[in-house]
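First the structure, which I've put down as structure tokens, then a few questions once you've had a look.
Every chain is named by a letter (A, B, C, D and E) in the order it is written, and numbering of its residues begins at 1.
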Amino acid sequence: MKSTKFTPVPLTKAETDKKWWEIGDFFRRNSLWLLMYCTGCCAIELPPAMTSAYDMERLGMGPMATPRQADILLVSGYLSLKTLRRLIYTYEQMSEPRYVVALGSCPINGGIYHDSHAVINQLDQYIPVDVYVAGCMPNTEAVMNGFVDLMDQIKHKRANGWKKYHENYSWYKANQITSLGEVDVHDEFHE
Amino acid sequence: MKEMKLFLGPQHPGMHGNASVHMFVDGDIIKRSYLLPGMLYRGFEKQMERKLWVNNIALIPRVCVPEPDINEMAFASGAEKLLKLEIPERAHWIRMIILEFARISAHLMAYGGLGGPTGNYTLMYHAHADRNNILDIFEKITGARVYHQYIVIGGVRQDLPKGIEKDMHTFLDSLESRLKEYRDLGIDNASIIKRIKDTIMLPAEVVWELGVTGIGMRSAVNKAYDIRKVAPYARYDQVEFEVPVSDYSDARSRLDIKIKEVQQSINIIRQCLEKMPEGPVRVKPARGQSMRWTVPKGHVYSMVESSRGEFGYYMVSNGGTHPYRVGVRGASYPQGLLGIEKYLPGTRIDDAALWVDTMGICSPEIDR
Amino acid sequence: MIVNILVGIGIALFGFALQTSIGGINRKIVGRLQKRHGPRWYQEFIDIFKLLSKRGISHGWIYDFGVIMALGGIIATAMFMPLTVDIVAFKQFDNFFIFVYLLAVGMLGMAMSASGSGNPWASIGVMRALTTMLAYEVPFLIVALTIINVSDSSSLTAIQAFQQTAGNNWFIIALPLGGLVGVLSLMGMLGKKPFETYIAPAEIASGPMVEYGGKQLGMLFILHEISVFIEVSLFVHLFLGGASNIFIFLIKYFTVYTVVNLISNVNGRFKIDQVVKFFYKWPLLLAIIQAFIAIYLGWVI
Amino acid sequence: MNSMNNIERVKEIVEKVAKVRKFEQIDKFQIAFEIEKNDVHQTLSALKLAGWKQLSYLSAIDWIETSKFELVYVLFNWDEALYIQIRAMIEREAAEMNSIISIFPGAKYYEREAHEFFGINFPGNPDYHKQLILENWDDIPPLRKDFDPSVYSDRKFPKREYSVDYSVKDPENKSFEKIKEREKRALSLRTGGQKK
Amino acid sequence: MNENNKYPKSSIFRPLRHIKYIFKKPVTHPLETIFTKKNADYLKGVKVMKSSKAKISNPRTAPDNLRGFHINDWEKCIGCGTCGEICPTAAITMVERHDLPKVAGKLQQRPVIDYGRCCFCGLCVDTCTTESLKMTKEYIYADSNPDSFQLMPTETWQDQEVEQAYVKNEDTDLLDLERVEMEHIEGSERINSYIEVVRGYSKEYARLEAARCVECGVCTASCPVQMHIPMYIKTIWEDDIEGGLRQIYETNPLPGVCGRVCTHNCETACAIAVRGEAIAIRWLKRYIIDSAPDDMYKKIFTEPVSEVIDAKVAIAGSGPSSLSAAYYLRGLGYKVDVFEEKSRAGGVASFGAPQYRIPDYAVEKDINFIKSIGVNIHTNTKIGSDITFEDLEKKYDAVFLGTGFFKGRVLNIPGADHPDIMGAMDFLPLTRDFARGTLKLEDMNVKPSVVVVGGGDVAFDVARNCIRIQLQKYGKANVLLTSLETLDILPGSDDEYIEGKEEGIKFRLGYGPQEVVVEDGKIKGLKVWKCTRVFDEEGRFNPSFDQSQEEIFEAEQVFFSVGQAPDYSYIPESLKDKVKIERGKIKADEAGKVEGLDWLYVGGDIFRGPDIITAVSDGHRAAVAIDDYLYNKAKKKEQSEYFKEVREAIRFNNPEPALKPKRKRTLI
């Protein structure tokens, strides 16, 4: 019998990292936790998705209370200026890798509020977005399919929005400042 | 101990919608608080002025997301008042069915929302499971789950689909049989009663001071102050229903009324299905293509009883194709802004989320 | 000695794996209660490994150190936990008080770390957690002391053996009032509703965990799983007669955890003052009565 | 419950304290009075005493052509089921109206909102000048008619330019450009667009 | 009151009953009813879904009226863009598609929907003029590339055949498909006089009718002069008559005439007509002219623009093409002389069309305006006799011929040379003069029973005139109209047929006249054969008859309305060989310039035909061509800004050849 001797192929550090990253990706895409930030109307389709009717826990997903714990920032619909400030704040708080899913028309190109003075038009000007789900509002099925799309993106290493945010940080910041004037929140409470 | 700053929301599981309650607490007691609205501000009233009467129907449901139909009703009936338009009889009854389903849906959501602050998620899951059935019925009737855009100026957009009555009856029967379960799991549950009994009080004087309406008002003043009874619209004067009231308004009694109102809504829908005449469902407000429909000059305040209270549209027309000004009175405006400023202090931080929940605060209608 | 340590680590790992699996299965059961299917049974593992694969954020060394300290403390505690009468790492050190003491180390580590995060919700959560601990510990200790008194030993193995030899006379039956207090305290320990006050996502945004994310949160999850393992095992050993072999242990463990979890899921949570009042009212009274009955009157069923 | 007498009674009450410029009955449950700015407080107090205890709505309308703001107060009496609109014109320039929070405390936030969206000052309301819904607003109050939200939006929030082009153009066929040019010319012939 | 009494007794045990749900079936939707095929495959890979389930996975079928993603039937779609107009989110834009055929009633554009805007309100479907835009049961679409959310709806969604869901029905339709009733005099009443049949819209009704227009502009390309139809309709709706008048005079100097007797191809092409009754474009134009007071005409040209350019143009004939040429040449700054052989200007408007369609005052209103801007009209001046053609050539820098077809034609069949037999164009001028009172009843040679041969509008004019004259002459009418064409291909318009029938014309359609039966010098009747076919397979006029079905329509007089002929006798011999005439029409280039003669232009019937509005377009084109020819040669005077603008507009609005819409028969 021919003996097959196991000869370990030495991996470079980059390759090792890549392997680890793939393993990590497996876990990450099978356990996506949402940050329920009800930025807009599409949030109303999330309770059905989370609760009994569509039960997204089957996919390993669930809502989380705080940004630190969450993997997905779910932008559910339109973003008013006031929300965007807090959204950016929230996004920056999330631990990496983090993904952004945008629901509905509004984050794509403004939706029904495209000419409103209070609502931004394109979310990807301010933070990178990994998956968009069309619809106004998207049906729960569409939302669920959107999440699976995101998982697929992660699997194929295409959900790199958070890296983009680092790479183009100054570009994003500049856009934020153009639209918001000031990104940080200043009010009685934040002094 | 020094006052500590805390904020409930905008991103907070206990907050309904995107708003923030800022609190200054001492220990567990809230010393000072206010609502920070505007997170959902879309410039709604401005947007409505810029849209035609006809394509405003795409915009108005978005004022209040959990119960969009009241907006359509308030807007459509306001415009009809300005137009002095008589709509077909059947349309009135269909509108009532839609409005009552919306009320049930909103109540279920609010009642299930009790599961958040009190931690009884099973209640929330059950309520949402039932609510999802309503959404499915809505989808069959109107073609959309949430933004129905169904009640339009001149009636309703199209007739009920065939066979929908059966679906409705099936749903109503099953919901009715489960109302007891909801009570058991929620307001009659000993562990939850501890949280909701004798807290979050809303005495009658406060009601008048703030201008709270709806369940908040009825639970405190012990009178059937419901627009459906007091100044009936649609055909509410032709159906029999009771308005549950109470003279002691704590969180529990308000939730109790909510469940009782669900029962009443079920009764109303059944009566509607029985009494609804056949016939047309829509008249056109004017001749010509819809983009050239105009509404005569005038001011009108059009009001609807929502699940949270009096919901009104102040509408002004200058005779053109666009509304000149539309003002929205969100039902939760008084308790949401002034209420939180004045009457949330003194409660504990545990109560804040429950306060927001049981007072019926819907942030999109405050911000608009 | 090394063998003992290895066995101890083995027990801790086993405890972690056991509780994580049972936690997963329980999520499915609770799912059914909520009219849905629930996640895959191994979802909890994926969650934990995912968290460990994420990048954490540091809020200073107290924050980081606290987590490690807590996790270390809790693993250490678990190492002492006997699984059955026979399977125990350190035969002489399975004293009840060791667990009470070591569990506190874990708790304190977490408290330290959470306070280090600087988030007000975390501070409130920590305060609540400690208050809750104070509330349930008193009746629980009284009942535990009663048991120790009755069984004449504070060693868990001995307590197990005592129950098994006396014709499977479990203390939950022998001391019914104490058993009830034990269940309530267990719910408090596990942070199950209605005593979940210190986590309370809807009120204080998960309390102590509010600032954790990534690796730290993963460690907290492991910590949580192991501490649940310790607490449930403690209950099994103290009240349910322990286990003569591993299968019985598994069955008892599963039953206890599932029952507690189910009760928890149809109830709401108390306010923190209500928790304290509650524990200092009925459980404390019952515990004292039980102690009186058992120790002074000697009435043990 | 809601007879003509009732409306007559309200008319009497209002006419006693205010000069009614216009009375209007909108439907069975709603009437409207146009009164002078200075009479508003007395009218509201009188009506409150008479049972119209609830302030349902308070806001303003911008009549830019006549350079006025119209303030609207909607009162409701739950026992008699009659909505009353009280309307009063105020000047658009440096618009100011004394607060009514002494009569209806619930008006506090309505007034703050009216200040924010129209720029009307409400002396007597302690917080009317604080920002409420808007944050860091840098333009004229948005509900004024001379504010154009689309201009603001275009200036601040870029619109998406899609890279996919579905058109099939014929480089020689300029018919679409021509149609547009023709329309432009024809539009200029409208009375509004006429030179001089 | 003890508030505890109102609640059922609370319990810590009752909630535990809910544990029973562990043993009940969950209400959750199964995974295979949620996920698309692609996503189901992914989920199979991560063991969430069983592979047997993944195979059949398909998202829940939506209800029948779901407002999902759009599909658009390109065959039906006419590119009107109404969907984009009504869209509350400005999500629909129209893009040019020059790959589509250029046909009347359709624009070469199709909607593109931006799903980054769409709010799924379905108003686009409700307002679609053709029912081509529909919504489907598809509701799932997610992508990571935001650019992929702008989609052009076609018959399929994502290249898949899909079920349609939300479509419009009577309730949801947002268009007004019914025309606002036009007041007209009843048939029994109007035959007693020459009063205009159609009374015209009142302001209120005109505004209602104008409100039906969706401003798509589909009609414009079908109009030979490309009038700004949607825009002037909008002026009516907005009650800006003056603006409307100015817009009309941009492209049409004879709106009063065209507002009454135009062939209105625009209405045939109208987007509303796809499913309903077309906007009454012709009558709305008439409304503007009727309601414009005379002094408002002064505002069309705010500055005098005449005689700025030192060049003269002669125009032969004063029909629509001539008047149009005169108007535009004047607007361009030339001195214009119009020579008319008859006593009144207007050509076919004054002498062809019947009085009850277009009364004289309406023609005069148009002509007076043209006169008022400085066009000299010399009536009773026949070229050839009163002024020679050579004179024109000598005295003027350019000559425009618009002399029209003013001779009746008679079929070459046995008996057709009888004196009682008349061609339509010989008869109709007499009726006009009769209606004006210049001819007496006795002068009118109309017998008690009449057969009219022909199926065009002119035949109807003849028949209806005959009825009126017969009634006055004999107290009763007996007119029979026969044509080769049966009703389905009758060339005359539907209105004429309906009104003619109301007035008592008898119809025998589908017969070919073979002989006029004459006995004792008197006409006895018309012998006809049944016509089996009018056009051959190639679509050419080539009738064939069934001899066996012979009939004789008894009548004492026969009118032939089978075409008209020109009279070129005024063209001098010297030019005869240079001017080529083909089938009665003068050969010229697109703009009407006669080949080989730079200074000679033609328009109207003698060039292109066949109707008034085409003649107007000929005049416009010829005016621009004349300007091209003369402008650089002529000595120019100083120009004002306003003059430049007017010149530019006239040149710019030079009409393109119109698209001929396919006629829709509503009669059958």
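Please note the rule applied: a residue touches a chain if its C-beta (ideal position, glycine included) is under 8 Å from a C-beta of that chain, and two chains touch if they have at least 3 such contacts.
All of these numbers come straight from a predicted model, not from anything done at the bench.
If you take the chains that touch subunit A and keep only those that also touch subunit E, what is left?
Looking at subunit E and subunit A together, the chains touching each of them are B, C, D.
Is the number of contacting C-beta pairs greater for B-E or for B-D?
Result of the comparison of B-E and B-D: B-E.
Averaging each chain's C-alpha atoms to get its centre, pick out the one most distant from subunit A.
It is E.
Which chain has its C-alpha centre farthest away from the C-alpha centre of subunit D?
Most remote chain from subunit D, centroid-wise, comes out as C.
By C-alpha centroid distance to the whole-protein centroid, which chain wins?
That would be B.
Using CA atom averages as chain centres, what separation in Å is found between subunit A and subunit B?
Centre separation, subunit A to subunit B: 31 Å.
Could you grab the centroid distance between subunit A and subunit D? Build each centroid from C-alpha atoms only and quote it in angstrom.
Measuring from centre to centre gives 39 Å for this pair.
How big is the gap, in whole Å, between where the Cα atoms of subunit B centre and where those of subunit C centre?
Centre separation, subunit B to subunit C: 43 Å.
Give, as an integer number of Å, the spacing between the C-alpha centres of subunit C and subunit A.
So the centre of subunit A lies 35 Å away from the centre of subunit C.
Taking each residue of subunit E in turn, which ones touch at least two of the other chains?
12, 15, 18, 26-28, 48, 62, 88-89, 114, 116, 119-120, 146, 149
So which bits of subunit D are touching at least two other chains?
Within subunit D, the residues that touch at least two other chains are 134-135, 142, 147, 149-150, 160.
Using the touch definition from the top, which residues of subunit B touch two or more other chains?
5, 12-13, 38, 41, 43, 46-47, 50, 58-59, 122, 125-126, 129, 147, 185, 189, 191, 367
Following the definition at the start, I'd like every touching pair of chains, please.
A-B, A-C, A-D, A-E, B-C, B-D, B-E, C-E, D-E
Please name which positions on subunit B make contact with subunit A in the complex.
5, 7, 10-13, 15, 17-18, 22, 36, 38-43, 46-47, 50, 58-59, 62, 65-66, 109, 124-126, 128-129, 131-132, 135, 145-147, 364, 367
Contact residues on subunit A for subunit C in the complex?
Residue positions touching the partner: 23-24, 27-28, 30-31, 33, 51-52, 55, 57-60, 62, 65-71, 93-97.
Given the complex with subunit E, which residues does subunit C contribute to the contact?
For this pair, the touching residues of subunit C are 29, 31-37, 40, 262-263, 266-267.
Which residues of subunit E touch subunit B once you look at their complex with the stated criterion?
Against subunit B, the touching part of subunit E is residues 1, 3, 6-12, 14-15, 17-18, 27, 62-67, 82, 85-89, 119-123, 126-127, 135, 165-166, 169, 171-172, 174-176, 180, 208, 210-214, 237.
Subunit B touches which residues of subunit C in the complex?
The touching residues are 30, 33-36, 120-121, 124, 193-194, 196-197, 200-205, 265-274.
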